[in-house]
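Read from first to last, the chains carry the letters A, B, C, D, E, F, G and H; within each, the first residue is number 1.
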Amino acid sequence: MNEEQIRKLLVEVSEGKTPVEDAVSSLRDLPFEDLGHARVDHHRNLRCGFPEVIYCQGKDPADLTEIAASILSHSPWLLATRADEAAFEAVKAADERAEYHERARCITVRKEAPPALDGKILLISAGTIDIPVAEEARVTAEIMGHTVETVYDAGVAGIHRLMAETKKIQEADCIIAVAGMEGALPSVVGGLSDVPVIAVPTSGGYGANLGGITPLLTMLSSCAAGVAVVNIDNGFGAGFMSALICRKRQRE
Amino acid sequence: MNEEQIRKLLVEVSEGKTPVEDAVSSLRDLPFEDLGHARVDHHRNLRCGFPEVIYCQGKDPADLTEIAASILSHSPWLLATRADEAAFEAVKAADERAEYHERARCITVRKEAPPALDGKILLISAGTIDIPVAEEARVTAEIMGHTVETVYDAGVAGIHRLMAETKKIQEADCIIAVAGMEGALPSVVGGLSDVPVIAVPTSGGYGANLGGITPLLTMLSSCAAGVAVVNIDNGFGAGFMSALICRKRQRE
Amino acid sequence: MNEEQIRKLLVEVSEGKTPVEDAVSSLRDLPFEDLGHARVDHHRNLRCGFPEVIYCQGKDPADLTEIAASILSHSPWLLATRADEAAFEAVKAADERAEYHERARCITVRKEAPPALDGKILLISAGTIDIPVAEEARVTAEIMGHTVETVYDAGVAGIHRLMAETKKIQEADCIIAVAGMEGALPSVVGGLSDVPVIAVPTSGGYGANLGGITPLLTMLSSCAAGVAVVNIDNGFGAGFMSALICRKRQRE
Amino acid sequence: MNEEQIRKLLVEVSEGKTPVEDAVSSLRDLPFEDLGHARVDHHRNLRCGFPEVIYCQGKDPADLTEIAASILSHSPWLLATRADEAAFEAVKAADERAEYHERARCITVRKEAPPALDGKILLISAGTIDIPVAEEARVTAEIMGHTVETVYDAGVAGIHRLMAETKKIQEADCIIAVAGMEGALPSVVGGLSDVPVIAVPTSGGYGANLGGITPLLTMLSSCAAGVAVVNIDNGFGAGFMSALICRKRQRE
Amino acid sequence: MNEEQIRKLLVEVSEGKTPVEDAVSSLRDLPFEDLGHARVDHHRNLRCGFPEVIYCQGKDPADLTEIAASILSHSPWLLATRADEAAFEAVKAADERAEYHERARCITVRKEAPPALDGKILLISAGTIDIPVAEEARVTAEIMGHTVETVYDAGVAGIHRLMAETKKIQEADCIIAVAGMEGALPSVVGGLSDVPVIAVPTSGGYGANLGGITPLLTMLSSCAAGVAVVNIDNGFGAGFMSALICRKRQRE
Amino acid sequence: MNEEQIRKLLVEVSEGKTPVEDAVSSLRDLPFEDLGHARVDHHRNLRCGFPEVIYCQGKDPADLTEIAASILSHSPWLLATRADEAAFEAVKAADERAEYHERARCITVRKEAPPALDGKILLISAGTIDIPVAEEARVTAEIMGHTVETVYDAGVAGIHRLMAETKKIQEADCIIAVAGMEGALPSVVGGLSDVPVIAVPTSGGYGANLGGITPLLTMLSSCAAGVAVVNIDNGFGAGFMSALICRKRQRE
Amino acid sequence: MNEEQIRKLLVEVSEGKTPVEDAVSSLRDLPFEDLGHARVDHHRNLRCGFPEVIYCQGKDPADLTEIAASILSHSPWLLATRADEAAFEAVKAADERAEYHERARCITVRKEAPPALDGKILLISAGTIDIPVAEEARVTAEIMGHTVETVYDAGVAGIHRLMAETKKIQEADCIIAVAGMEGALPSVVGGLSDVPVIAVPTSGGYGANLGGITPLLTMLSSCAAGVAVVNIDNGFGAGFMSALICRKRQRE
Amino acid sequence: MNEEQIRKLLVEVSEGKTPVEDAVSSLRDLPFEDLGHARVDHHRNLRCGFPEVIYCQGKDPADLTEIAASILSHSPWLLATRADEAAFEAVKAADERAEYHERARCITVRKEAPPALDGKILLISAGTIDIPVAEEARVTAEIMGHTVETVYDAGVAGIHRLMAETKKIQEADCIIAVAGMEGALPSVVGGLSDVPVIAVPTSGGYGANLGGITPLLTMLSSCAAGVAVVNIDNGFGAGFMSALICRKRQRE
């Protein structure tokens, strides 16, 4: 509730149009729904530009169904991440239109088509092992209304495979770079581009990769400016961030 | 050199307008200047949207003067970070117009005014100890042409100090959140906003702060989507990233 | 055995009421029972205010039954943590009244009702994934005689869900704040309250969460005073600590 | 501003006693003072039970004077930590009554005597090297109105030096245990007591002490329940926490 | 495409022998094959001296077959590492000649015999637990055309078992030293030899071995010069590196 | 081969009693047996006072049988650690007299009784979870000929359980202290005793225990002198070390 | 006070030879002296075999003089470690006979000659940089009455320098092995000896040495049995431990 | 002493040409010189191909002079690393011909010209901050007789600066790649080359660079085969390793 809304409410109170107790309620009540095990945040769609996203890991199927139904009662779209088959069945129980994106381990429900926003997102990944994380980013950005172009298996040890895509790199509005192993991809991409690069470290690799800590540190230490980093394996976060970046253009 | 330029060159060669050896040179020579101790990348302004930035730490004053002069011979603006007084004198020797931003430890040279781009950047910092890093971000974004509004000393332990700025948070085009200690600020800000939040951990704090590792990890693990992170104390990186995000809007 | 008791014993010895060898025994014998595999500490109820608690993980079912029986022979209540179904069966073999708290993975036995102490404990958790740890804290504090109110799923990324509970926060005698991910919850809660906050980091999360190390470090680095931290996933410790804090008031 | 205050304000608005714009101001303005470089949180005294505490490290002397004056304009007491001689001079410039506690590196100002609360705090430290941290805890708890008894140099390698104080341990209302090296002290103390133990790891030691990380981890892993931990070298935090714990009793 | 090739192409263009658009294609197209899920790098054989190697872990069997077939269409040899039985079946489906090296977890295909290069590689391992990693190194170096002599179970705690092989150590052209536990082997071997020693830490061990981090750090800190290190358990990398070192001699 | 043996051999050579080539063999051949997969070190019994010990983890049963047979061909005793049932069967195949110590996960073979050495070893463990590691230490010290007395479940949080054993502590010739959690036991024991204390950290615990790293660091940072530490869970190492310490006395 | 002493005291009480209050005193008073800033543990000489040792770092000179005087009032010897010149002056003020061992950074006072115990301690160090730590061990063991033989600069990269000392290694009663860099020395020495090896990691080195953490982990992971480890740079601890080991033999 | 030498000696003994005691001496004495504080390893030149190198840090100037003189009495060349001006004066006192390489912090003495070996070493560094480490590598390889070509300031964020040197990369016999920040350089270089790449991480950078740990891990996790890594800032090690690699070719 912002200042303007407060003012409007107060005018109504001073004019006797709104009883005091109703105004107290308005000022106290916040727009979330308490399911006991979860507090679904319906306000989020307005506040942050997208309905609450369900992180399925560790959630009970019955709870999932209830949460999904609650979100879909207020929103035309739903996204659920880190979902296995059981989670898919649970969401499907809430809405028949649920789709499962296997490689991305995501579920989407589209009661209507997402808005067709422009903003070209380029999604580059270093190795085949990074594809599931990249796909999670793709599904996220797409349900938020953006077009995503993918260049997979373009690691820096075969730099010509990456250089061959210079044109795409220079035409994107935002780039997501996904890499495990040593995570050098965003540094090279960042140096070839003048748009924001969202770097996603992955836990694919072994030994000194340290479960993704190494590419994470690499990306944070990048000698290229214009690179920012999300959590290890956090494809969702990268997709969401790149959608926010592209959306700005639309808004004007 | 992009495909179009290659095509143009080849047409000239096929028409005999450009001798073969000249074309070899064009295709081989890349637009950087080799000063021996440094290779100044003049192409960068076109490729990445801003001339190369000088990281002063550990650089010889004489080298600094030479690098600054080389950059300023191709660019109307110059930014140097992590600069002390000696570095300032060195850059001033290259161009009298150099200005020193003491809190930010930055030097700028403006041979002409930066472009006046829109894109409102909101810069929030948690404690007074985080101000130097925040200032580095501000100076960076400003020389790249953007307006920066600051809210300093608004840590989450006095949440009302932050909530008082909800309006600014909701009107920004991009937010930079700078925090040391436990680094919780971006999580709260990210939950209040629908624009990209660039989080900057700082090394201010002691003990379990681990020289900034703790707020770094905190920010990466943020429960708010729409947050991406740059290196510890990397105000420059945050300023640069936010400028790239805002610039997109301008470009259309 | 304190100074007064020593004095009394010595007077008896000097008066010939207690033979020397009996006094030697009194001074030597300590009130624990050696079961071979475990030394049950019956003195603990007096010394630390609650009988020894059984940590089930890695304990043999037969041993568990024996330990439970030994404790219940001296105490009206029993608490066992990190218990699975097999552990429950083992404790039930010692006493039919055993109850299993599934989400909390705890077993309790109440041969009589716990004392009804005042001291309102408020238990806040950030995500649905943190609920098992929170439940362990609740079960612990309740069998020690305190009332526990819970606010679940109130993470800082939806700060209004937390702010909606300001009244409860300000009326509690002690607060337990449970959070995984980045663990920012206790910093915000600590800033809203003038009672002790016990922070519990959880291992729920991935990547930079580092199995709970990140929220642990976050909580230790909290910019809010009045926050102290227990081990990762240590709901029991938080429940016990908050019970000790509240009990003090009773004692007077 | 709590629900009751909102209700009262609204009644006044509805009765025409308070103009709408004044009510808007009341609901918008939060009780902090913006000094530009710092936002002094005057509301804190009510909200958290003690005025804002100044962490001197890295703060400009001129800023310190201004902040101190601002706090003292609303509060009868002031506490500043991590203070050197220069910080002391700066605070003295704001109020002549400032006292410097050298070992504790703290400054206090007492415009009037602190409230005489009961609540006996026992402060035990393991080695002579831990004394500065212990003193910071003592000064903090004392200015908050509590009596602190100290037992210094009572490490676990000479366990009889600790056992000699069993009586004090059993009569305290809250215990602070400060230890560097391996940090075993709180485990032993926690096992001898039925009151909350606040453990403070210190960075004193070398090698495997890892700048305090080892005693920190030790204390978190303590086999004694009833122990909670604050940050490395955070004597202030321990003193503050123990004061909050003891204060509860007074309030009733 | 190197300078000479560019020159030749340009001459053809200037002489009208090659049409402009064909030249554009040549300059743009890079020699990799895009399978969608993977970009097979056929140029690699020329550029780096060996065809691309397949890292099987996490790859789909159907994808593996396709990748193997693609590589074998351009190369007489194939090497696949971290392969289980399913991976073997997949590669066999691409070429019947596939062989499975069980201990090494490698697959090789030899459409023709590898070149018989000289260069004696000596492969020493510390414990029986290190043998799988050592075998991966052996298979790699052998398919690249080199002879590998092995000395297994020669850890430094039985130094005479190693000293007995002094002659072999002094006759090798390159040495691979594989060790887990504390990883001291390369330091001792490096001090006995005047040829390059490639050190491979293994994750075999427990506790302070830290999954191979300890021998890794040990080898990097080696007091013997002439030692360089590859990733934990990276037998392939060591075999490849030693083959490159030996190959040099052949090339002249 | 020591100096005396070399002298004796050379005298024989100079007197023509030993042919040159035989002497070359003697000086070259070292007393180990190369089984291909393992080099059994028969010399070890003389050099280090006990035959080579088999670390079973990761060893093939067939190899185990062969190694066991090889050791038993030169030694009256055999010890194998980290053994499961399959390993036991394998060793039994080499010698029917093999015994399996289930809790200790050890196998012993005694073709004759070990020497009856004096040297009382006291073995103290903190929790029931530490017993397997303690048992490994016991079995090791016993087959090396020493008497081991055990005090189990005597952690520092119930310090009186430990103080009750002061007499045993003061009569031992060497003490082994086994502890997980925070690992404070050796510090307390070391302060009560004037004999060497061998500390063994265990991986039992959770969260901040970090798989045994915390008690390891604790023990290394111990404020008690006379404490030295072996690897996490290395009961064998502690048993072996304490046997070496006690054996010295016997040797005179 | 042990059982026998308690019995004796009680008999006296029962016979009226000792008044009750005197007995209370005896049972309560423990033999330490409270200097306020330190509690000097005079009982230690009997309990642990050597008077309390002073760790000088961070101690006030005036306090040092007082502590030294207190120790020397009950003991014929004094050892102070981590001492600089100022500490030396402070101890000299307590007793003129104080000697400063510069390389070892130790102070000793010998009011009488230490007991001449046998027990040959062999002290081996890897590099010249490790000598200060080794010297601290030597001074410690010597004031405790043992003979120490030193072999310095015998790292494993020049293994023959170590092998040349095989005889000394086999004749020692206890070995101290000091090493920084990769810390491989104790593994090799442990494999050549049948006596206890005390390993001391040092912080000398750079990069992957991690301030001594690497040799620490190396030594703990040693493939040689019969090795135990003390803290980084803890020469004192190693000297003390080896003295305890050797002393045993004397005692019989 | 190798087998042939042993045989020759024994023949002489059997023929009475060499007395037994002389043979004992020969078999016992090893070719190092014991200076007390250091054991100079004169054999090293033969065994490892270069005389012992002096690591100056922490060495006494007087000791340095003595060590330098000892080495120069047996070798025509000397290399000392990590040297400051004082170290230079010390070495100069041993030999007037000493040269100081300031950027490299190295001292060399050349009593005669090093052998002119072929083997082109290419030395690439990423940033100007990495130059001192690179220079240490250059000085090392040059005094060992090799030609070193340098390409400085060629980081991956300006990939064209690196691609411009493709020809040099493909003509080198061995490449050294020095990089701090994120350390991505060796991965890109390794993918462009078929010769061994020695990667050197540097501690230049801040925050997530972790004093060089990040580029170290990056290089170890490199997705390019043919890369091996030396310690952080270990320019000497890289120069030495590359010289060994190139020397092989010469030897034939």
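The rule is short, and it goes like this: a residue touches a chain if its C-beta (ideal position, glycine included) is under 8 Å from a C-beta of that chain, and two chains touch if they have at least 3 such contacts.
Bear in mind that the values here come from a model prediction, so they are computed numbers and not experimental data.
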{"item": "Touching both subunit C and subunit H (chains)", "value": "A, B, F, G"}
{"item": "Touching subunit B and also subunit F, the following chains", "value": "C, D, E, H"}
{"item": "Reaching subunit E from subunit B through chains that touch each other, fewest steps", "value": "1"}
{"item": "Interface sides of subunit B and subunit H: same vs different residues, half threshold", "value": "different"}
{"item": "Reference subunit G; chain at largest CA-centroid distance", "value": "A"}
{"item": "Chain pair with the higher count of C-beta pairs in contact (A-D, A-E)", "value": "A-E"}
{"item": "Far-end chain from subunit B, centres as C-alpha averages", "value": "F"}
{"item": "Geometric centre distance via CA averages, subunit G-subunit A, whole Å", "value": "59"}
{"item": "Centre-of-Cα separation between subunit E and subunit C, whole angstrom", "value": "55"}
{"item": "Subunit A and subunit B: spacing of chain centres that average the CA atoms, whole Å", "value": "25"}
{"item": "Residues of subunit D engaged with two or more neighbouring chains", "value": "3, 28, 158, 163, 190-192, 207-209, 216, 220-222, 231-232"}
{"item": "Interchain contacts, given as pairs of chains that touch", "value": "A-B, A-C, A-D, A-E, A-H, B-C, B-D, B-E, B-H, C-D, C-F, C-G, D-F, D-G, E-F, E-G, E-H, F-G, F-H, G-H"}
{"item": "Residues on subunit F engaged by subunit D in the complex (per definition of touch)", "value": "126-127, 155-159, 163, 181-184, 187-188, 190-192, 205, 207-210, 213-215, 217-224"}
{"item": "In the complex, subunit D residues that touch subunit B", "value": "28, 30, 32, 36-39, 41, 43-44, 55, 57-59, 63, 201, 203, 212, 216, 231-234"}
{"item": "Residue numbers on subunit D that touch subunit G, as the complex places them", "value": "128-129, 131, 152-154, 158, 160-161, 163-164, 204, 206-209"}
{"item": "Residue numbers on subunit G that touch subunit F, as the complex places them", "value": "2-3, 47-50, 53, 166-167, 170, 173-174, 190-196, 198, 216, 220-222, 225-232, 236-238, 240-241, 244-246, 248-249, 252"}
{"item": "Residues on subunit B engaged by subunit E in the complex (per definition of touch)", "value": "3, 6-7, 10-11, 13-14, 16, 20, 23-24, 27-28"}
